[in-house]
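First chain written, first letter: the chains are A, B, C and D, and each begins at residue 1.
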Amino acid sequence: AQEGLTICFGFQDLETEFWVAGHRAITQTLRDQGVEVLEFNANEDPNRQLEQVRDCIAEGVDGIIIIPQDGDSAVTIVNEAQDADTPIAVFNRPPNDRERGIIVVADNEIITEQAVEFMAQKALRQYEITQEPITPLILVGALQDTNAIGRRDGFFNVIARYNERYPGMFKEPIEVATEWDAATALANLEAAITANPDVDFIFTSSDFLFPTIRSVLEPRGMWAPTGDPNHVIMGGLDGDATACMLIDQGYVDATGVQDLFLEAELTLSGILDAIEAGDYQPNAVLPDPGFALTAANIQYQRSDMWGCVLYDEGFLDN
Amino acid sequence: MSAIQTEHEPQTLNLKRIKATDLATSGSLSDRLVRWGKKLLLSDYFILIVSIIAYVIAAQFFDRLARPLNMTNQLSNMWPLFAVAIGQTFVLIIAGIDLAQGATIALASVVGAMIMAENLNPDMFDKLPFWGSILTENGGLLAGSPIATPVAVIGMLVSGLLVGLIVGTLITRFNITPFIASLVGFIFFSYFALWLTQSRNISGLPESFVNLGDSGELISVYFGPKLDPEIRRRDILAVVTASTVITLGLAFFAGYLLNRTIFGKHMIAIGTNPRAAEISGVPTRRVITLVYMFSGLCAAVGAILYTARLEIGQPTLGGLNLLLDIIGSCVIGGSSLFGGKGSIKGTFFGVVFFVLLGNILDAAQMSPFVIDAVKGLFILIAALLDYTRTRLVRVEQST
Amino acid sequence: MTILFETRSLTKSFFGITAVNNISLEVEEGKILGLIGQNGAGKSTLMNLIGGVHQPDSGQMLLADKAYTPRNPADAKQAGIAFIHQELNLFTNLTIAENIFIDGFPTRRIGPIRFIDRGQLKRETASILEWVGLDVPADTVIETMSPGERQLAEIAKALYFDARIIIFDEPTTSLTARETERLFEIMRQLRDTGKAVIYISHILKDIAAISDSIAVMRDGVLMAQESAESFTIDRMINLMVGRKLEQLYPPKTAQSEPDTLLQVKNVSAKGLVKDIDLSLRGGEILGLFGLMGSGRTELARIIFGLDQFDAGEIYVEGKRRTANSIRNSIKNRIAFVTENRREEGLLMNVSIADNTTLVSLPQFANDLTLYVNQQALSDAAQQASQILQLKSGDITTQAAKALSGGNQQKVVIAKWLLNEPMIFIMDEPTRGVDVGAKYEIYTIIDQLAAIGSGVLFISSEIEELIGMCDRILVMSQGEVVGEFTRSEFDEERILRAAFREGEEKPHAAVK
Amino acid sequence: MRRLSESRLFNFIINNSTGILFVVILAFFALTAQNFFSLDNALSIIKNASFIGVLAVGMTFVLLTAGIDLSVGSNMYLSAVVAGLLMRQFDIPVWMGLLTALSIGGLYGLFNGFCVVVLRIVPFMVTLATLVMGRGIGTFLTQSEQVDLPERVNEFGQLRLLGIPMPVIVFLIVLLIAIYILRYTPLGRQMYAVGNDPDAAKKAGVNTDRVIWSVYVISGIAAGLVGFVLASQVMRVDRSFGESYELDAIAAAVIGGTSLFGGVGSALGAVFGAILLQMVEAGLVFRSVNLYLQPMVKALVIFIAVFFDGIRTANIAQQRRRYIRNDLDDTDAPVSSASLPEPKPVSES
């Protein structure tokens, strides 16, 4: 039924594994179904994305899928498409106004909270035994990226919650800027660890920084699996293949997972159904609750995590 | 578009004349082609012509390029880029460079939104530095007031002028090279804008402001059947919008300044030899500072257009990629990084080149994995053609 | 006598101007060939063809009877041609030694690695510098040197390698009599060792004194090449200009007026000038003489407001100047022709017309709209260029850098003339200018004085100061050491004052 | 006499202003942040400065000739990608990977040089185009996926010699080579000449084409080297690897006193600029400064450093200037003509 359809797919960049995997899931599934896909890369420029969506509308496509740069520009872009009678779906980054468009939501703040919650639980057990306050550290993403800000908020929410319940458990968190750049992360993390050698709780706003973290911790003897007295409680967000491997090996305790496959499926079915029904302005909010993949649940939930699927397919093998 | 069309007429006239003389001298077809090609290459409009020819050829393969709506889209994409590039052209003419434009766009966008935004969700915004004073649950400083939009526009322009003033002062009073002075401005004001909103966007801008962008249609065209009761929105082509008028107004003003006034002559003198200019009584410091202020103003105009079309105040507008496109447009359009050269017309052609190149590459639906490699190649080819042109012009003049 | 080098029907044109037109010139071994011609006659262009800077449109060159076709300056150098350009070609960020050896440093090995041999560099440079008479260390950075010293460095650079033909294109424009004399000494030495020397100058007296044969160019054409004996100064001028010049200096029409335009009282600037007292009246031409580095330029810059001073006062038309700034000076109609036209005088890539009108631009612009009346502007520029007999193409399109050296100097003067100066400070205004044009410039100076302006005329050519001035001040080491009124003018006394020598022991170098 | 010594102190401060700024910043952080003043931290700062630092040294060569190389970030990416892919696919040893990265970097620079020298396109446009192109080719090779480096690269990355991390040693070697080229070889001095006046350089017989070509190759090799060394630290090359490093590299070079208009600059200055920037950044992390303020403070430090450097160069130029009179230090005493250098007659004819 999808033969002959044209769908326009606008994305922001393909800079991390997560987005590459998402891009592939969407384009391949559509093409497998015989849909013609027009791809547009906006290179992290929402204005450029708006221009591209306008071009798609000019082209007269049947539907549009976007990965927006942020929740606010998404609103404008969704309005633009719907006003021009083109159905549109928004993948992963939700518009702040969720009234228009097919919106597949992964809430960074909430997913982060789930992962950090698991880490905090572990830290609590340690705190109860040693009575030593925990020194938490967060690698913050680019301040220009709203996802990074959501993740930072989620992290601080959990820390605050625990400090309320168990006063004195966490010290003031150390914030490390990364600008989503491995070298910046390397330099700043190294400085932060030198300044605070007692750090024992690290959360990275994206899993792609785990190798960087390792190269800072390893020479200092802080790269140790769970159970080792030198183990640093560690977590991240994205759920990529490296994170899966490191959880397997015990170095990492938890990662917040956005269910990439589910999101892709929700997006595609949403938009294709609307096209079939002749609905130019389909509106729906389709949540991806996300989950935290942890050392505790990796046996059961392994297959739900896109990173583990890649990992098990041999993604990281030489 | 009007600018382009009027420029086309003499071109066709020239063509006719060539044909007439050719008949008289009975030149062969290849001769004529060579002559015609040379003429084209020597023209000031070279980059424009190349861009349009490339576009026309590409449209034969990718018919989506030829759709009227696509064309009006490209037109509207040019205006904000052009507005910012005008300011950069001025700066390049005085042998400077203004990286701070990237941050100015962001800052102006945020400042404008903080003045006029309506309704702010306290959950999201209560961590902002000015929450409770400038920003409240009811919105920005003048939320809902009828003067909100004009004041916000003035506020945006003033922030552009201020950034320009600061960068200009660093250069003229502290003797800092333009590259570093504007880089400092770029970093500082980028993060200042981010800090102001703690990375958040401010939405809920009033309709009167949004209409300053390309949704403010002044002349629209509809090509469909006459009595269709329901015209789909996408069939209405906005040819002239508020952004067209604003940008062209800015361009003509800049052209006047550059070509017709003492200010423009002083700019060229400074760009060519600042010491000789100074000794000849050119108020170099004042001119340099004013040029950077004008550059900031242009960036702010760009910010108005971008903000209006995105309908949000955004601290991440602008940025390095945009900046490289802008400087690239200026340089393709004939500005020199070593000063003394540049024109508004040329910069417009450079902007046309960059916008059409982007459109063609997107239309060609090349894999996203090769598109950048191809884009780089085309920039290189355009620069090469342009160099060949200037060299030929020189040879032509000397014989 | 053997002909070492010759050109046959050499032709070169730029922008429709034939700068070198069908020239067949012969250069003999062991001889000095003087080459003269008006500004823009094509002398430098001819030399540029020989030096590989430009390539001819047609014609041939023969070096030792073999075809010689240099594609670039390196080729010319390879063939044994040294070229001292009219415009300095020094790297101001490098030392003298590095400038001299830039295309072939002496190196030495330390282990497996080659290093520049700084010791040898220094030694060799020092010996060349001594030869040309430049008394500064080999590792002096060019930036810190005065124009005169730079010119000597340029000469040293061309002489360090063993050339067969040495071209001097107006090498003495920044040199004083003494250095010039030393340079002639060097040229004679070169000739005596069998080299061929080509010497270009506008100082015909020098040409007559040193040349073995003389070639005259006019409008790109070779008018004559004969042995030096067959030329008198008058004949040279006649061939160059195409007419007779009755006198070198125009009759004096200006009268000094009683009112003082400029009064400099006790001005001192640390390290530069000290206790300068100077006054300039309306209608007066005041000469300022001194040796290289005597501080005349520094004083001129201070008076113009370009540099600051530490003590003393300056009065312009009786009013004490409070702010020492260029724009203040220009507002008071003070003009300043710089001695460094390339760096401070001209916008090289900008049209002649725009250069000419740069200072007086406000006159052509509406104060409110800033609108410039293009027509009035190009008319004014056109007029100025006619008055100064500028040799150029279309002044609204031709860039200043495409002018011959002397014509560039005229543009600098024209630029200030348009502003109708009341006090005209001219620092070496006739440097590199041909006899005909010099006469024009003198006439302008005289006319300016005649309408009541004061002229401060700085020059190293003592004759022209004597010919033109009402009074001459002599500077030495930043101080005014002598003052001569017209009736007291005497070349020898003025020179002695400049050397700070008592009357009783005239210096050997002074003839 | 007192005034004299005062002015000497003043001159000392002015002439070493950039160095003093460095010491002041160092002292400030050392006094206010624990553990900042330690060998460990010093090494860590230098190590992390080495990436931008080596790029900046390469950039200095280009800037000296009044060129610019915007493509270094993309070059890093492409070099690291190719080396990484080869090491993964063909199991080549680490040293061959390094060699690959250097060659790719050099070829990249060669192409830039070709466009500048042979096609005569302005450097800004050339390197802007290759900035886009290089990353594009890398993206094509990887299909935008990250390249994870094999484990043995980590061993190389964590190598230490006498306790000094490998990147610091690389940094030092690069610095020495650069100083050698710039100060002690004819080619280096010719670079200064070309930047000062290209026409004059041609007239002096300098092969300007060769000089210009070589600076782009040098900058390219430096970028390839940084690409590999940085990759060995973070063990992964993703699409944003090296993005917008060109600005930091140019900033570091300019802080170190290099002019964008050619002819002025030094390798040591570039190194110094990079370390200063990294020290400030580390200090801000040590002091846990608000993340939004960190870049703003960094911008201010760049401003101050460049400002001081400007004063310093102006003052040195002032002092280098030879004066006509030697009454600089006191105006009251009359200048005796005996103490003045006599104008010596050059010939006694």
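By our rule, a residue touches a chain if its C-beta (ideal position, glycine included) is under 8 Å from a C-beta of that chain, and two chains touch if they have at least 3 such contacts.
The shown structure was predicted, so the numbers you read here are calculated from the model rather than taken from an experiment.
In this assembly, the chain whose C-alpha centre lies farthest from subunit D is C. The chain pair A-B and the chain pair C-D differ in C-beta contact count, and the higher one is C-D.
With each centre defined as the average position of its C-alpha atoms, the distance from subunit A to subunit D rounds to 36 Å.
Spacing of subunit C relative to subunit D, judged by their CA centroids, is 40 angstrom. Between the Cα centres of subunit B and subunit C there is a gap of 46 Å.
For subunit B, the set of residues that touch two or more other chains comprises 191, 194, 198, 367-368, 371. For subunit C, the set of residues that touch two or more other chains is empty.
Among all residues of subunit D, those that touch two or more other chains are 139, 143-144, 292.
The full set of touching chain pairs reads A-B, A-D, B-C, B-D, C-D. On the side of subunit C, the complex with subunit B involves touching residues 13-16, 306, 326-327, 330, 336, 338, 343-350, 354, 358-359, 361-362, 364-365, 369-372, 374, 415. Within the complex formed with subunit C, the residues of subunit D that make contact are 180, 183-186, 189-190, 192-193, 195-197, 199-207, 263-264, 317, 320-328, 331, 335, 337, 340, 343-349.
Considering their complex, residues 51, 53, 72-74, 77, 83, 85, 89-94, 98-99, 102-105, 107, 113-116, 133, 135, 141, 143-144, 157, 178-179, 181-182, 185, 268, 270-274, 291, 293-295, 298, 310-311, 477-478, 499-500, 507-509 of subunit C touch subunit D. Within the complex formed with subunit D, the subunit A residues making contact are 13-17, 20, 23, 140, 143, 172, 174-177, 180-183, 185-188, 190-192, 194-195, 197, 208, 211-212, 214-215, 218-219, 242, 316, 318.
Residues 66, 68, 70, 115, 119-122, 124-126, 128-137, 139-140, 143-144, 244, 247, 250-251, 254-255, 259-261, 292-293, 295-296, 298-300, 302-303, 306-307, 310, 314 of subunit D touch subunit B in their complex.
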